[in-house]
Each structure stands twice: as structure tokens, then as C-alpha cells.
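Letters A, B, C and D mark the chains in the order given here, with residues in each chain numbered from 1 onward.
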Amino acid sequence: MKTIKVGMIGYKFMGKAHSHAYRDIPLFFPKTIHPEMKMICGRNKDGVALASKQFGWGEYTTDWKSLLERDDIDLIDINAPSDAHKEIAIAAAQAGKHIFCEKPLALTLKDSREMLEIVEKAGVKHMVGFNYRFAPAVMLAKKLLDEGKLGDIYHFRAWFLQDWLVDPNFPLAWRLQKEIAGSGSHGDLGAHLIDLAHYLIGDMTEVIGLNETFIKERPVSTNMTGLSAMGSVSGEKSKVTVDDATLFLAKFDNGALGSFEATRFASGHRCTNSFEINGSKGSVIFDFERMNELQVYFTDDRDDVQGFRRVLATDPTHAYAENWWPPGHTIGYEHTFIHEMVELMEAFREDREPVPNFRDGVKCQQVLEAVDLSIEKRQWITISDI
Amino acid sequence: MKTIKVGMIGYKFMGKAHSHAYRDIPLFFPKTIHPEMKMICGRNKDGVALASKQFGWGEYTTDWKSLLERDDIDLIDINAPSDAHKEIAIAAAQAGKHIFCEKPLALTLKDSREMLEIVEKAGVKHMVGFNYRFAPAVMLAKKLLDEGKLGDIYHFRAWFLQDWLVDPNFPLAWRLQKEIAGSGSHGDLGAHLIDLAHYLIGDMTEVIGLNETFIKERPVSTNMTGLSAMGSVSGEKSKVTVDDATLFLAKFDNGALGSFEATRFASGHRCTNSFEINGSKGSVIFDFERMNELQVYFTDDRDDVQGFRRVLATDPTHAYAENWWPPGHTIGYEHTFIHEMVELMEAFREDREPVPNFRDGVKCQQVLEAVDLSIEKRQWITISDI
Amino acid sequence: MKTIKVGMIGYKFMGKAHSHAYRDIPLFFPKTIHPEMKMICGRNKDGVALASKQFGWGEYTTDWKSLLERDDIDLIDINAPSDAHKEIAIAAAQAGKHIFCEKPLALTLKDSREMLEIVEKAGVKHMVGFNYRFAPAVMLAKKLLDEGKLGDIYHFRAWFLQDWLVDPNFPLAWRLQKEIAGSGSHGDLGAHLIDLAHYLIGDMTEVIGLNETFIKERPVSTNMTGLSAMGSVSGEKSKVTVDDATLFLAKFDNGALGSFEATRFASGHRCTNSFEINGSKGSVIFDFERMNELQVYFTDDRDDVQGFRRVLATDPTHAYAENWWPPGHTIGYEHTFIHEMVELMEAFREDREPVPNFRDGVKCQQVLEAVDLSIEKRQWITISDI
Amino acid sequence: MKTIKVGMIGYKFMGKAHSHAYRDIPLFFPKTIHPEMKMICGRNKDGVALASKQFGWGEYTTDWKSLLERDDIDLIDINAPSDAHKEIAIAAAQAGKHIFCEKPLALTLKDSREMLEIVEKAGVKHMVGFNYRFAPAVMLAKKLLDEGKLGDIYHFRAWFLQDWLVDPNFPLAWRLQKEIAGSGSHGDLGAHLIDLAHYLIGDMTEVIGLNETFIKERPVSTNMTGLSAMGSVSGEKSKVTVDDATLFLAKFDNGALGSFEATRFASGHRCTNSFEINGSKGSVIFDFERMNELQVYFTDDRDDVQGFRRVLATDPTHAYAENWWPPGHTIGYEHTFIHEMVELMEAFREDREPVPNFRDGVKCQQVLEAVDLSIEKRQWITISDI
């Protein structure tokens, strides 16, 4: 069987997660197409050299354009900072490379639409990194929905709660700077909720939001990556230019009501990426901090034993579970990336579009911007208007 | 010690809960002023006669005005249907009677303001039935907030989820008719959340909402009371004139962001009256289905043992707990009413205003109407404007 | 309908709980026979006088024998200290009175057998206070078992964990003195587990146990009642003569294996009275700290949605629930006593034996003593041998 | 830095888990010594050839002795069936190889003692595969214990509940045959509990047990590995020669009481490997199905906010956590093996004994046999006597 030869741009948090996914596929998913880790690219030569060795790449470079010139690279994996996505993705498409791009596709809806247009014109495969779709418990929710087991859907409520910014002395990371990150908790965390809403419920028709930056200024730092690595902190402070929290209400095409909240100020919540769906025949609840579990309720259970079931999505019947361990032996965060990459490899194997792809990325961006616009204009925004 | 002589109007669900509270006070709270159950009133003679005997009242009547003429009645307890509150309360105040009125005070903000004005002018004591304040776990949250243990407050999110309307054949109860109930889940359930927000966080500055009536028509029924008693159901259907679900976003005076949801369409949730508060120093979570528990988190716990604590509010240190059972022996729904009535008796004993009172009822009504107006006008409404 | 006229001996913790149950029956269970609270008895005249007034009894006395001479008393409720049960119960039976006796029936198996013999000979009704049977969630477990929904039973494990003795300076309460209490955690807490085992699973064939008194001496106190009221503590210490914790293994007649643990040294557990049953078709888990809930699992649920359901036993279908509040509105500890007394009243109404009765009390005592004997002899004890 | 060259015997479930651990170390733990996957060995040539490729080994063989002759192999990893451990381990030690051996060390205490003696004499490093020690939440429990944060220990209760044998038609896997597996749930599951008890609490002094084989005969199968792979099932049945469930009580050296239960008949429990520790200053609860969490209780928390904290052991302060993902991003079952192998590599780096090692394996075997003996003899067995 042929392999897919990968060139990856970015070598920090996400670069590590993706590398691990590529490494694990032959071991746990031997029957899909295998990725070959050809070359990794980063701006800092020492950094990328070290990462190349640590992550197990064949070669490294500091010039991302060189990846596009290589005939022995099929797929470009973009997990560089968000402000670099557009240029790289467009160039990669034009070079005929298939593309995996981390979310968000771009800093603006306009840019992401342009990217979609170009990848479609180029006829390459494209995928976007909404990894939470790939938790088996989330996939179980999707299956129940698709089978109609939850009936007509009335409510979708979702909240992504973190607490790493509660300390006012936490420094001004790149994720807090609009020009690099594009957005704050809305684009970082809310984007995942919006994608899950699209995946599970469908399109929204209109939204109205509310946001806040609770801590207006923070100490300036250097060389920050990830959430925890802080670099050195200077005495001066600078302005936080993204939202600390964004909430919004939504109506869905199918008549359901939506409620969304993304915040980095929820003390006690390290990573509560949670949603609940209520339908006429049942409900489900998911919380990423217990990512192997889905709470499931059916209205047609016998009347004396109705209640939310704690389903551990580790049985052979659950998505991807047979590739892992026996029932009850749980998996973790990194497995969402492995499954994501398996989906991409399967798309190659079956020569079809991977899901989620740039269209999903654009749709997510559209809602993100609609919410921001609704906040700016203090009014409901119809999604199809933008 | 003197007693407080009570005349009560209403003898259904709430009449029973209040009667039980009056009966339990001498047993469990012997040191407060004791209520005397003088007379109960209801429109249906047989019904009220039966209730009088069952609940333990001294006398009964079908004419509520006769209660006001009696010198041996100090307090009028109004738990008749919502559309009757205003007339009775005003007449009671003008007759110099103290008043306990179930929520909602009235069907409109205007009416409730008129009621407040008159009770204040009359100089009588007045209380409104926001019973959920009186769960010891909720009172623990209040105590932690008042002590500053949660720091600056960033988020208040609250949801009151029930599922008794999910069945489209559930008949058109009085709670589904605007002319009697005034409102649907918003006024019935959302009102409690709004009151808890006022109690715990403070005033809101502006709101924007969204609501829906998922099932537009329902079978007509007769003689419905409570949630379950259904009377006979005819074949014809009639229009549901209240909301099935109402959500809204809010900003608080203190800068916190609020998110509220009240629905009767959340399959699997019998009575999830829940809130979460996130502050700079800690968080709390409450769920009425586990009403003896408060989840509590502190940011200054040692860094390796940070986590939400499941506090069972049944220790001697917790509100009202010493009047009940040993630690770990829980109490139930009806105890919120007992504590509520203890607060009223204590207000008599100490000759002070009970809390919550009609001012709290008016404030709640103000937010309810602001939300409805925001839905009608599709725009943010400033609370102080209405 | 006639009433049952009650004379009660004991006026502390249990006296209060029973009194409340009698008071609540006419209000919440109007269709059963109503108890009439004729006379209360206690050794301390001021104490019982106060209790009589507070609890709502018609008369009081310090002479329990006088209760037995009254023609207008049908039922003797014995909740005096354990060492007084035998004498009172026997005299009551001989006087032709029906008897409700708090657990333990007596301090020894021999005494309890004698009591059983005499009440049976006297032909009076007799009941014993194993109140935990009457939590609706426990009754749901029983129903599922009786219907065969759990299949063949393999495991019963139960633990009653409290923590009020962890403090070594907690004084030497009467519950820590063998001559009054008869036993420590074994007889106080373990007895409830054993009764639940009998109720839910059936008879045991053999047992072997292990116990410990972790804190050998404690400060002497005066006038202690209940768990929390401590009286004054003197400087001197005296020996603890009961067990702090008792564990045992058991085999059941039906082949199931049992594991039991009762302790007052489980920090963090105020009142974790919990059991789990595993059968070939399903399992249930109960924890008294969340007494309205039963976790229920069925092996024949569809393979992708198998999981423990959190059933809130507050729906109309659940035992006693329709007499209380709408679904999701929970009840508390005291309701177990109300249901217990309803069972007793129903036994009068239907002229049948109440359950649990002295036979259940004897069976419980038999296992308690078998366990103690197994500890003393360090060997397995066959239940039928003693 | 030098590497450790590994030869591994066994290529099924555990072989995969170990291989993955070796592969992940350079990526996530770059600073420790790296393992080199030199050669894998298995009895079936096609099987091992396939595994070698899939798992990423350099070479493969069907002759385990050939591994011992190679100079370029430092460490022998034994995860072949239990009945083969002894011969291989002894030969490996005599060949001067370091050894990692899966649990159980051997089928008997005598054999395991012989193995210990020989590895110690040979002066090689030896480690045994009690992987559950390496869950960060378990390591947090150990840390709290070592710091004295839980005070004097009163109780250790542990249960390992699975349900894969509840179906009576589940075939007779090798794990159900005494001559291969050595023991049933006792040796498979109970062994982990015993090791955790040793790790967390210390030595036991005496034990008494109880076991059962609920389903006496099962369909014969072929070629079974792991829990789920079943091969073809013939019509004939054969006798189950191991225990389905084993329970025992224990006393610890430090005075604590222990309760243990291992079963494969607990419907609804896929892999509930759980323990609770109660001490004078606090308690902890662990459940492997939520392996990232430790419930922690402290008696000296402020009296109104005492409760079990749900600590997510994913913060930088927790063991191994900084090598993984940001706080709240959980890890899974396989990570216990990675940490286990990191401990082994660290022992090489620091030239010290790895923990747990063969001494821990022997101690575990000693308790296993003491329990079996107590069942056979129906009496308490003193651990030091055997």
C-alpha cells in the first residue's frame, strides 16, 4: 500500500500532537494508509532541528516554501500560528499539495473563503483541525442523532470553560494578541463549540452575542508558546486585545435554540468543553474532562428506570475503540488527533473528501464573525447575511 | 410568646407546601414565633373543606374577603393562581394584614409595582415566595460570596431545566395559558433564576433574550392543577400562549456576565434548577436535583489538590442544619418552604422586614419584562429603562 | 375511619423523627389510617414535658408502665435506649399492645428471640425500625430484584461509612458504651446493612468478620444524646467498649457473595450508607447521601448505550412518590420514617403483619452475633448454628 | 546519551502496550534514556513477523533464547503468558540481561522467590509490571500519604470490578485455565489491588478470603488472546479452573483494616479498579474508569466547606503531567505503561533499582497465596508464615 508523505509546518504544541498521531497510526490503525513523516518546518533553526529529532521527522527546514517544491511530499500539515495559515495554504494548494490546516483556517471570514475557493479550484484534499469531533463519545452522540434516537432537537447548549487567565499576572501570551491569534476565547474555544454544533445539530440562522475582557492589561512576556510556557516576564504591561469571554444565543435551521459560552475565566475548570442536546426522544451530555463518557437519556425507557446513563465509549461498538484497549480502558486528549489523522488517511484510501474540511472551517468562521458583528452592532445578525 | 395567626388563600400544590411548613415550625424551630393556622380559603367549597381538614386548618371559607375582616388573622398567605395575587394583596394591605405572596407577585411589572407601593404605604410586612434561596447549599454560596471567598465575580450561568412538556399530548394546563399564568417557563422557572441572580450576584444592567413555543397547540383539558394531575382530556386542541423556553444573556452591575435558560423541554431533567458562579478566587455550582450539595472551588488551595469539593450542607455550621438531622442526613424540597416561613417568623420576632420581599418580587418582574421586551424588539434592553 | 392511638417511649432523636412521621401522615397520606399522638413517655420529667409540647403529644408521663394500662392506647412506640427495649416490648405485648420498636430489638440475640416469641404468642402487631428500606430508591431496587430484572445475583457489597469519631477528643457517648448500646458501628450501622441484605438478597449461610477499636480511650462526657450534642467534657478518659469498625464477608443462600463494612472512621463520609448489587442481567447502586437516586444498569441495553442510569426515584411510578412533590423534587432522611409509619398504618388498615417486623429484627441480630463470634473465634460461623 | 537496547518476548495485548511505550518515550520524555526496539520474539512466526512490522521492532525471532545470546540487547521485556515467565526470567538473569517482567512474576510464590533470588544474585535490574501505580492520580495519593496529609490510616478498601464473564457463553479463554493463568480474577485483578495496597499503605499481617466460580463450565474456544478476541467456539464445554471472584479481609502492619474484592461478574463495570483510603486527617478515592481524577478530602478544611475534591491530576505539579498536555487535557490507559517504562529508563539513567521490582512481585504473590490458603483452610493466614 502506498503511503502519504507529509511535510509539516509548525513544531510547538500542535506540531507535537500531530507528529504523535502520525507515529501511532501504523501501530494502532495498521489497515489505513500510513503517513510518512518526511520533513518538518519552523522559523527557528535550532528549535525545529530539535523538534525534528524528538518528533521523528526525516528532515527539517526553516523555509516552508521549500516543502512545496518537493515532489516527495503529498500533504502539507499547517499548524503554524494562525496569522500564517492563509498564505501557506494557498501556496500549498497552488503547488498541488493536499492540506491539513489547524483551526482557525484564517483570521477573517474573507480570508478563509478565499482559501476554500482556491483549494477547491486546485482539486486537492483539505481538512481542518476540529479534533473534538473525534472523541468516540462525541461520535456516539452523532450516531444517536443520525439515527433519530433523540427525536426532534429543541436545545443545544455548549460551554468551553477554562481558567488559565484568572490570574491577572498571567503574561500577555500570543493568544491574547488579536493580530496573531485573531480572536480570544471566542476563536480559540468557541470555535470548537460552533463546529460541534454544526456537526451535531446543523446550521444556525441568527446569533446575538456578548463579550468581555475582564483583565484589560497584562505583563508583557517573551517567547510564549502553549498555555504554560511563559518565557521571562518584564515589568511593563500591555493591553489585552482579545476577548476573555464570549457568550451568544443562536437559532438553528431546524428550530432548536442554542446557547454558547467560551471563557478563560471559569475558576476550577481546566478544560470543560461540554455540550448538552435535548430532543423529543432523548438527551445527551458530554464533558471533555471526562472525554470517554457520554451521558445518554431516552424518553422511552421504562417509566421507573428513566435516567441519564453514563456510557463509557470504550466498547467494541464505539468508534475507533477496537483499535485501542479492552472496554473500560480509557483514552485521552491526544487520541482525538490520532482519530482525526485516521480520517484523513481514510479519505486518501477511499479517495473522498475528509471531514471536517475547509467548508466546515469557513462555516465556523462565518458564525464567529456574525457573533462579533452582533456584539459590535448590539443586534441580532442573520448568518446568511455575512 | 405570641403567635402569628395565618389566613391562607389557595389550597393546591403550594397551599399544601405552606401548610406543611407552618405545621413543622413548632417541632423543628421551637424558638421562633409559631404560626397558627386559623383559616384557609378556596373557591371550591368541597375542595377547600377537604384541604382544611387534611392540612390542619381551624376553619375554611370560599370568600377571601372575609379573611381580611377578621381581627384574629395577622398574616395573609396568598398562593392562589397568579392572576388573583394583585387584588388580594392590595386588599390585604389596606386591611392592615401582613402578606406572604407566592411568586410571581403579579402578571405585569406595573401591577407588581402598584402592589409594592401599597404594602409599603400600609406599613405591613411583605414577603415573596422565592423558596430556592432557602436551600442550605444556596445559603452557603451566599455566605462565601459575602465573605469575598470567591473574589471578583466574572460569570453567573443558570439554567432551570424540566421536561414535563416534551410529550406533545400533555394537555393545555393553566400554566400554559398566558391570561392565567402570565408567562411560561420564563415566569415560572426563569423567575427563580433571576431571583437567585439578584440574591447572589446583584442587579443586572441590560438583557437580551430568545424564546420559543415548540409545541404550538395542545389538547384541551379540564380542572388541571399542579404538574401531574390532568383531569379529562378532550379531543380538541387549543393554542399554547406562553413560551416553552426562554434564554437570555445579561450584564451585571458588577461587571459579571450572565447566561440564563429556562425550559420545560429538556428531556431527562425533572427539575434541574442549577447555577454556577465563577470568581477570581473561586467558583460554586448548585443543582437542585442534589439540593443538599454545593460544589465549591478555591483558587488558593494547594496547587496539587485543587478541585471542586462536594460539600454536603448538612453540617451544624450550615444554615438551618442544626434544626434537622445529623450530618449527612439530607433534607428535601419541602424544607425550602419551612425555612422560608422561619425567615418570615423571625422577621416578626425581630420586627424587621423579611427577605425576599415585594421589592425583590418587583425586581424580578422587571427583568422578566425586560427580557420579554428584548425578544419583542429584538434588541438589548436596559433594565433601568423600564 | 378509626385511628391508631399511640403511646411513645423515648423523646430524643428518634422520638422526634417518629413524632414528625405521625404528624405528617394525615397531610400527605390522607387515605391510610391516621395515628393519634396520645401520650409520650421519658425518664426526665422536664425533658419529656418539653418534648410533649414541642412534638405535639396529648399527654406525657415518666412512667412507661402507665402507658400499658391505658385502654385508649393501641400502639407502643419504643425508641428508648437499646438496653430498655426488651423489658418494655415484652410488657407491652403482654398488655396486648401493638409494638413498633426501634432497632436493635435487643442487646443480644437471645433477648430478641424471647421478644419475638412473646409478641407472636400475644398476637399483637410488631414492627422494627429499619427505616432505610423505605427510601423509594431502595424500594425500586427491591422491585427490580423481585421482577428478575437483575437476573441471578452474584455480588452484594455494602458499606456504611461515617466519620464522627475520627476526632480522638470526641467524647465517650452512650453509643460507645457496650452496656447501653450493645455494639458499636456493627450494631448501629452494620445492622442496617444486614437488614438491607436480607430485604434485597435473602438469607446468609456463613460469615467471617474483622473489627477494630482505633481509639481505645476517650474523654468522659455527660448527658449525651444523638451524634452532636455533647454535654460537658471532663478531663478524664475512659475506655471505649465497642467497635469503631467492623467488616465481614458472607455467603448467601442463593450463592451470592457478600462484603460488609461499617465504620465511624471514614473521613469525609458523613453518612454513606451504600450498597451495590451485581446480577447476571443488571446491577444497582445506592448511596444514602444521594438517597433519591438509584444507579441502575441492564446488560440487555443496546450495546452502544450501556451504562449506569441515574434514576431519580421521584416519579409517580416510584414508591410513595405521588404523595409528595412533582418529579425531581426530592425528599430527605425524615421521609424514611414517614414511609415506615405508613407501612405500619397500612398493616392496621389491611389487618396484616407489617414488614419489617420482629422476625427481621431477630434475623439481623443473628447475623450481628455470628459476626462477633467469628471475630472472637477467628473462624467462619454458620448462621444456622447460632 | 546511550540507549537501552530491548528484546521483547510476547506480542499480544501487552506486547503492543509496551511497544507503544517504547515508541513514545523519545517524543514525550526526551530527557530520559531512550529505549531501542531491537528484537521481538513470539512462538508463531507469521504472528510475530506481523507484530514486528506493526509495532516497529528492528528484527523478530521465534526463539527466545536467541535474544539472550545477543550482545546488543540490554533488557529483556517478558510479556509472554504467565506460565513462561519463570524460565525466561531466570535464563535472562543468568545471561546478564536486565529484566522487565509482566505481572504475575510466576504461577507460584515459590517460583517467584526463586526468580527474585536469581536476579539479585545476577545483579541485573528487575522490574515488574504493576502499571496502575503510574497513573498520576495514584501517584498523588502516594504523595499525600508520604507527606502525612492523610494522618493515621484506618481503612483501605479496594475493588477491581469487571463484567466480561457475566455472559455464560463467553468461551473458556486462557485466562480461565489455571495451568496457564495460574489464577483467575484473584491473580489477574486482585494482584493489582494488592500491589497498590503495598505501595500506598504497606505490608499486611494476616488475611482471610472467600472465592467463587459462578459459571462452572464454558464453551471451549481456540486461539484466544486478550479479552475480546474469541477465535471459533466449539459446541463442547469444559471446566473453568480459576476463580470468577475473590474477596478478602486483611490487617495491615500499621493497624489499618483492609477489604479487597476482585471479580469479573460485576455487570456494568468494564474496568472499575478502585480504592479508597481513610485516615485521621483525610481520605482519597480513586477509580480507574476516571483515571485522571483523585477524590481528596481533608479534615482540616474550614468546617463549612469540607467535602471530597475532584482533583484532575493533569496540572504541572502532578507526576509526569508536564510531559503531556495542558491542564484538563486527560491521558489514558496506555500512559500507565509509558510512565512505567520511563521509571525503568530513569533507573538506568540514575543507576538505581527500578520500582516496583521483583521484590514487590514476590510480596504480591505471597498475599495472593495466603488468601488462597485461607480459602482452602477456611481460616486466617498470617502472611509471614508463608
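FYI, contacts are C-beta pairs under 8 Å (C-beta built on N, C-alpha and C of every residue); 3 or more make two chains touch, one makes a residue touch a chain.
Bear in mind that the values here come from a model prediction, so they are computed numbers and not experimental data.
Taking the definition of touch as given, a chain qualifies here only if it contacts chain A and chain C alike; those chains are B, D. The pair with more inter-chain C-beta contacts, choosing from B-D and A-D, is A-D. Computed centre separation for the pair chain A/chain D is 35 angstrom, with centres defined by C-alpha atoms. Chain geometry summary: the mean Cα position of chain A and that of chain B are 41 Å apart.
One inter-chain figure worth recording: chain B and chain D are separated by 54 Å, centre to centre, where each centre is the mean of the chain's CA atoms. Shared interface positions of chain B, defined as residues touching 2 or more other chains, are 269, 306-308, 312, 315. Those residues of chain C whose C-beta lies close enough to touch chain A in the complex are 140, 143-144, 296, 298, 301, 303-312, 315, 317-318.
Interface residues of chain B, counted against chain A in their complex, comprise 150, 152, 154-155, 157, 159, 161, 163, 166-168, 208-210, 212, 214, 244-245, 247-249, 251, 255, 257, 259, 261, 263, 265-269, 276, 278-283, 297, 299, 306-308, 378-380. Residue ranges of chain B in contact with chain C, taken from their complex: 13, 16-17, 19-20, 23-24, 26-28, 30, 54-56, 162, 164, 226-228, 269-272, 288-292, 312, 314-316, 322, 324-335.
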